[in-house]
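Scrolling down, you'll hit the structures one after another.
Both complexes shown next keep subunit A, but they swap its partner, so subunit B is in the first and subunit C is in the second.
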Partner chain A sequence: MLDQILSVLLLGAVVSAIYALVAIGFTMIFGVGGVLNLAHGGLIMFGAYAYVVLTSSSVVGAIAVPPAAGFVIAVIATALASYALYAGLVRYIEDNVVITFLSTVMVALLLTNLIHYRFGANPQGTPSVLSGSLHLEGFGTRIGYMYILGFVLSWITIGLLWYYVTQTDEGRSILATSMSERGAQLTGVNLLSVKSRTWLIAGAFAGIAGVILGTVEPTTPQMWLNPLANAFIIVVIGGIGSIKGSVVAAYLIGYLQQFTTEFIGQGYVGIPSLIVLVAVLLLLPEGLYGREFAHE
Partner chain B sequence: MANEDNNNRNLGRNGKSSLGRRTFLGAAGAGAVTTTLAGCLGGVGGDDDDGIFKIGHLAPTGMAMGVGSERSAEIAVDEVGKVRDQEIELISENTETDPGGTSEIVERMIVEDNVDLLVGTFSSEVTQRITGTIADEDVPFIITGSADQSTMANTTGDDYEHNKNIFRTGPINSELQAEAMADYAEFLSDEHGWNTFGHLSEEAAWTKSFQELLPDELRSRGFDVPYDDTVSLSTDNYTSILDDLESEGVDAVLRFFASGGQGKLLKPWITNRYPFAVEGTHVASMNPEFWGQTEGICQYETTAQSGGGGVTDITDKTMDFVETYQDEYGDDGAPTKPMYMGFNTYDAIHFYSEVAEEAGTINYNDDLDDIVEAMHSVEYTGAAAEISLYGEDSDYPNDAKETRTDGKISNYPVTQWQPNEDDEGGHQELVYPAANSSGDHIAPPWM
Partner chain C sequence: MSSETGRSSGIASRISGAAGRAGGAALDRLTTVTGPINRVLQPLANVYNRLIGGYFGEMNGLQFVLVVGTLVGLLTAPFWGNYALIQAMIAASIWAILAMGWDIQSGYTGYISFGHSVLSGGAGYTTAMLIHNVNPELPMLVTIPVSVLAALGIGLLIALPSLRLSGPYFSLITFVAVLIFYRMMNPLSEYTGGETGLAGVEKIFDITEPVQSYYLFLLPMLAVAVALLIVARSNIGLILLAIRENESAVEAAGINATKFKIWSFMLSSIPMGIGGVLLAHRFGGVDPGSFIVVDNSIEMIAMAVVGGMGSILGPLGGAFFIILMEDIVLHAFGLDAQLRWAILWIIVLLILVFARQGLFRKLWYGLERLGGDRR
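Then we have the complex of A and B:
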């Protein structure tokens, strides 16, 4: 029993860290632009496949780069793809919530089909930045170094983001815009610049999550569905638009799922999260850290 | 021969046709107009025989498995040339894994294309969806992909007379596969001294027999089975499952994955060096490009597959077929080998051409009993196996017979991904049964 509890604590922490990466990007875009960006899942997949293309000798052997370099380039590429999605499409339709929502769904499906056409449905493996694992006999589990790297990177990026949005003028302008767009404009914030930076940052988060997910699991065209569904639940529970809420909710859901897997069964893993989601929607509709400072 | 080409379909038989009144009226109207015009133009003759033997091929051609099957069907059509002096036309459709969509495709093939034979289907759920329509229409249907035993039990096993046009020439059904897997466990025990096995199946129709039969079959042979579970197709994280398998002390896990899994178990297994082997059936791993696609995470895993991956002769036709396949499609991209459904589809078309000669007819409307009788009497050496079918009164009517060597099922070969000697890349070896093996089974070196 003790080893099971320790296993839940450990695996829950590393899984939750990846969930947080996915959810933060998702919630930032909603917080700043009011856009429910379902293409965020597609960007996770984009990051994972960008890493495959860059590092795998079986895809384009001539351009295979070392895993660490591939990681960085894939994250940058995903950030730029996210920005391109905003600048090339969302920017022109974001005033219409429904059209924007549907468009991002279409983009996600288009990306999936393109990936499927190019790579097929079979899983793609990737060389890891860190190979090998720790055998924690006292915990009754083994944990790959990539999971540990994911955990560390998650907290570094969350820390950097926190510093950026609380300690720099540019970052504070993002926070201000998420609280009140009109208020931010009145204080001279350049909305286009804020939104562009937000999409870039969210894309980078999606890229990091995509590369980590793609190295701890096989990369497939459907790899983004579960992470996006989890992100959706996390963001609602944490409070749509709240970075702090997303981090807290990511750990809540991550641990809940790990607990369910360990003590109830893998087949029931999604059910407790949905129960919590319904409870939050009924009892605390704005989520744990809803947009308490927001006003229109 | 009148209606030799099966163009005059008995759509309304027993009033059970699932094609619908509108479809029937449309088809009947079109037929009437066509017949009238043909008469006016001096047409193709009063017997309505266009002189073409049409084969409807059903497979998920968006997947490597389906592509391999489609190409193999094309090769078989070229090699057979004619059936009962009729040119052959292959009509291939992508079924994906969509039961509803496939049902529409099948109705179109029967109503509009007047196919004389249907072959294929990969997903058991797809197969089960279309058997009703096909049984109503009497078109001979040879299953070459899905292995679920209940598909035949619910058709030929339940109402033979109504479903006697449904056959499977390979793979062997999932009940026999479960027995074959227990035979394979004995082989692993003899080779490595492994006596403790875990069982893990994805939740799907084709794995029911493994879930229901395999653990007890293993126990009856003296093995321990401390881990026995099924897993949802959507499971992403296998770490807890692997931890449980390790804590139960299994020597090998026999896992059965087709749609699910997709390497998600392999990645943490090989990264974390869990001290047990991964054996059983894994459809993704049958892809000859799987090593390259996954950067070798499949090393030392095994999968059972008809045709044994096309790596060595199982019959004297195996490698000839593989070489023809590679000559024809070597430059056309993956898959570079036919894969198991390709073997079975290739064999099914050859088998049916022999059946047609034996029966002396391809007119299933009038002579279905003759065709069925020939299906039961013909024995054919295919590229994947010796093919013969169980008869009406057997446990598995119209299903492929297993072949046995010393009492063990031998037509469910097992391949293993092994690293190349220069450590650059990997390859498949046929490791079981021993009579056909191209290499020894290797235990993961970290065990």
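Then we have the complex of A and C:
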């Protein structure tokens, strides 16, 4: 019993860290542009496949870079893909919310079909950045080094992001835009540049999450759905647009799911999160930290 | 607002606007030819306008010919179409029901739902589960009404909590609802058949009698279309449209918008139930992959977008457009299924960006202009 609780505590922490990465990117884009980017899951998948293509020689051509370099390149590629999505499509239609999120859904499905066509439906063999796992005698469980790497990376990037949006002028302009677009404009913030930077950052976060998810879980053309659904739940609970809320809610949902898997059964994983979600919606429709500084 | 994003977002509309103007000039020149044709046909349309135009809206001669021509084409398809075409038209009929059902809720109120595959899937599963778990001998007269009622119940279950939310929150929750419903299939596999689903639903598609089977799908589709059109063209439809355009104005007029949103969800659950049951009877079984996954909802949305959201007949046309493109036109090029859908998604994206109104609404207004001056 104690073993199980300790294992939930440990695994929950690492899983939640990855959820937080996914949710932050999603929530930032909503906070700044009011855009629901349903292609965010697609970007995660893009990152995972970019990493596979770069690191394993058997997939495309004979490209095979070392895993660590592949990781970095895949993250940069995903950030650029995210920026391309904004500059090439979303920028022109973001005045209409419905059209925008329908378009991003179409992009996600387009990506799914293209990846399915090119790589097939079977999971890809993904080389680990760090292989092996840590065996914890005292806890009676083992954690892959990839999970630990994900946990550490997640907190480093969240810390960097926190520093960026609170301590630098460029970052503060992102925060300002999410509070009040008009107010930010009046103080001379360049909206286009703020939005471009937001999409780049969100893309990089999706890329990191994608590479880690791709190595700990199967890389398939359907892998974008679950992270996206978790991001939805987390973001709604935390409050759409709030970075702090996303981190808190990510840990809430991560632990809840880990607890369910350990004590109730794998098949019921989504159900308690849904109950929490409905409860939050009914009691706090804005979420835990919903738009706390926002001026509509 | 003169922000840079404001300016850039104007580009797409300017491009389509310019194309529209060029097309408009061409249309106006064509009017000299088509105007007289329209005047010849107008008396026929006037008979319709006097008799039932009040329920569905009036039309001019050219539009009348389009509607009657389409109807005749649909009804006589078994006599001129080949087997593959009939198969595709059956699928298109079912999807048209689903797309129209989606439209009366999401297209009209602007509350975009990704959860409609749960409604149709729920109805299909109810049929299969009744046959599998209760009694294999249950007649369709029992299973069909129960399944449609089940869709209604599920609709209420989703609508009551989620319609308290506005805009994007609503869409997110309906999206999550689909995933949760999908995941429930495995723990309950004793009743639902898990990943493989359930078989044993009576197939009403008979290969030896394609003509008769075709009407079993076409006629319910036409009935649903007429019923939804009457609702959509009535005051209820007007209120739903008003909710889409300005919800606070609706509230200010003393109308309870939430009540109407829930009603529209209920209203759309019925066609979703009918469509889901037909789908189950076409395949002879149900499985999560072809009934519940969120892709199904998105396909309905794509059909509605192609035809024109908020017009009922647009989604009908969109369903036939997408299914016939996928099964017949792109199939003829020998493309892989994944590639066919990829092409369709690109088409839908282009329509979303450059022709937000949808193809069939554009066609309809084009005919209106081609008809020239009505007086």
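The rule we apply is simple: the second predicted complex is superposed on the first by the 295 of 296 C-alpha atoms of A that agree within 3 Å, B and C clash if a C-alpha of one lies under 4 Å from a C-alpha of the other, contacts with A are read in each partner's own complex, and residues count from 1 in each chain.
Everything below uses one rule, namely that a contact is a pair of C-beta atoms (placed from the backbone, for glycine too) under 8 Å apart; a residue touches a chain by one contact, two chains touch by 3 or more.
As the structure is a prediction and not an experimental result, all values here were calculated from the model.
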Touching partner for A:P123 - first (subunit B), second (subunit C), both, neither = first
Examine A:K195 and indicate which partner it touches, taking first as subunit B and second as subunit C; both and neither are also allowed.
-> second
In the superposed model, does subunit B or subunit C contact more residues of subunit A?
-> C
What is the contact status of A:S180 with respect to subunit B (first) and subunit C (second): first, second, both, or neither?
-> neither
Partner chain in contact with A:G267 - subunit B first, subunit C second, else both or neither | both
Thinking of the overlay built on chain A, is A:S103 touched by subunit B (first), by subunit C (second), by both, or by neither?
-> second
With the two structures laid over each other on chain A, which partner does A:M146 touch: subunit B (first), subunit C (second), both, or neither?
-> first
Can you list the residues of subunit A that touch subunit B in one structure and subunit C in the other?
-> 116, 226, 267, 269-270
Quick one: in the complex, what on subunit C touches subunit A?
-> 1, 3-6, 8-9, 11-12, 110, 112, 114, 161-162, 164-165, 167-169, 171-173, 175-176, 179-180, 183-184, 186-187, 294-295, 298, 301-302, 305, 336, 338-339, 341-342, 345-346, 348-349, 352-353, 356
Using the touch definition up top, name the residues of subunit A that touch subunit C in the complex.
-> 30, 36, 38, 89, 91-99, 101-103, 105-107, 109-110, 113-114, 116-117, 181-182, 185, 190-192, 195, 225-226, 229, 232-233, 235-236, 240, 265, 267-271, 274, 277-278, 281-282, 285
Subunit B-facing residues of subunit A, complex | 7, 11, 15, 56, 58, 116, 120-128, 131-133, 135, 140-144, 146, 216-218, 220, 226, 258, 261-262, 266-267, 269-270
Per the touch rule, the subunit B residues reaching subunit A in their complex are 62-64, 203, 229-232, 234-237, 239-243, 246-247, 262-264, 266-268, 271-274, 284, 287, 289-290, 292-297, 334
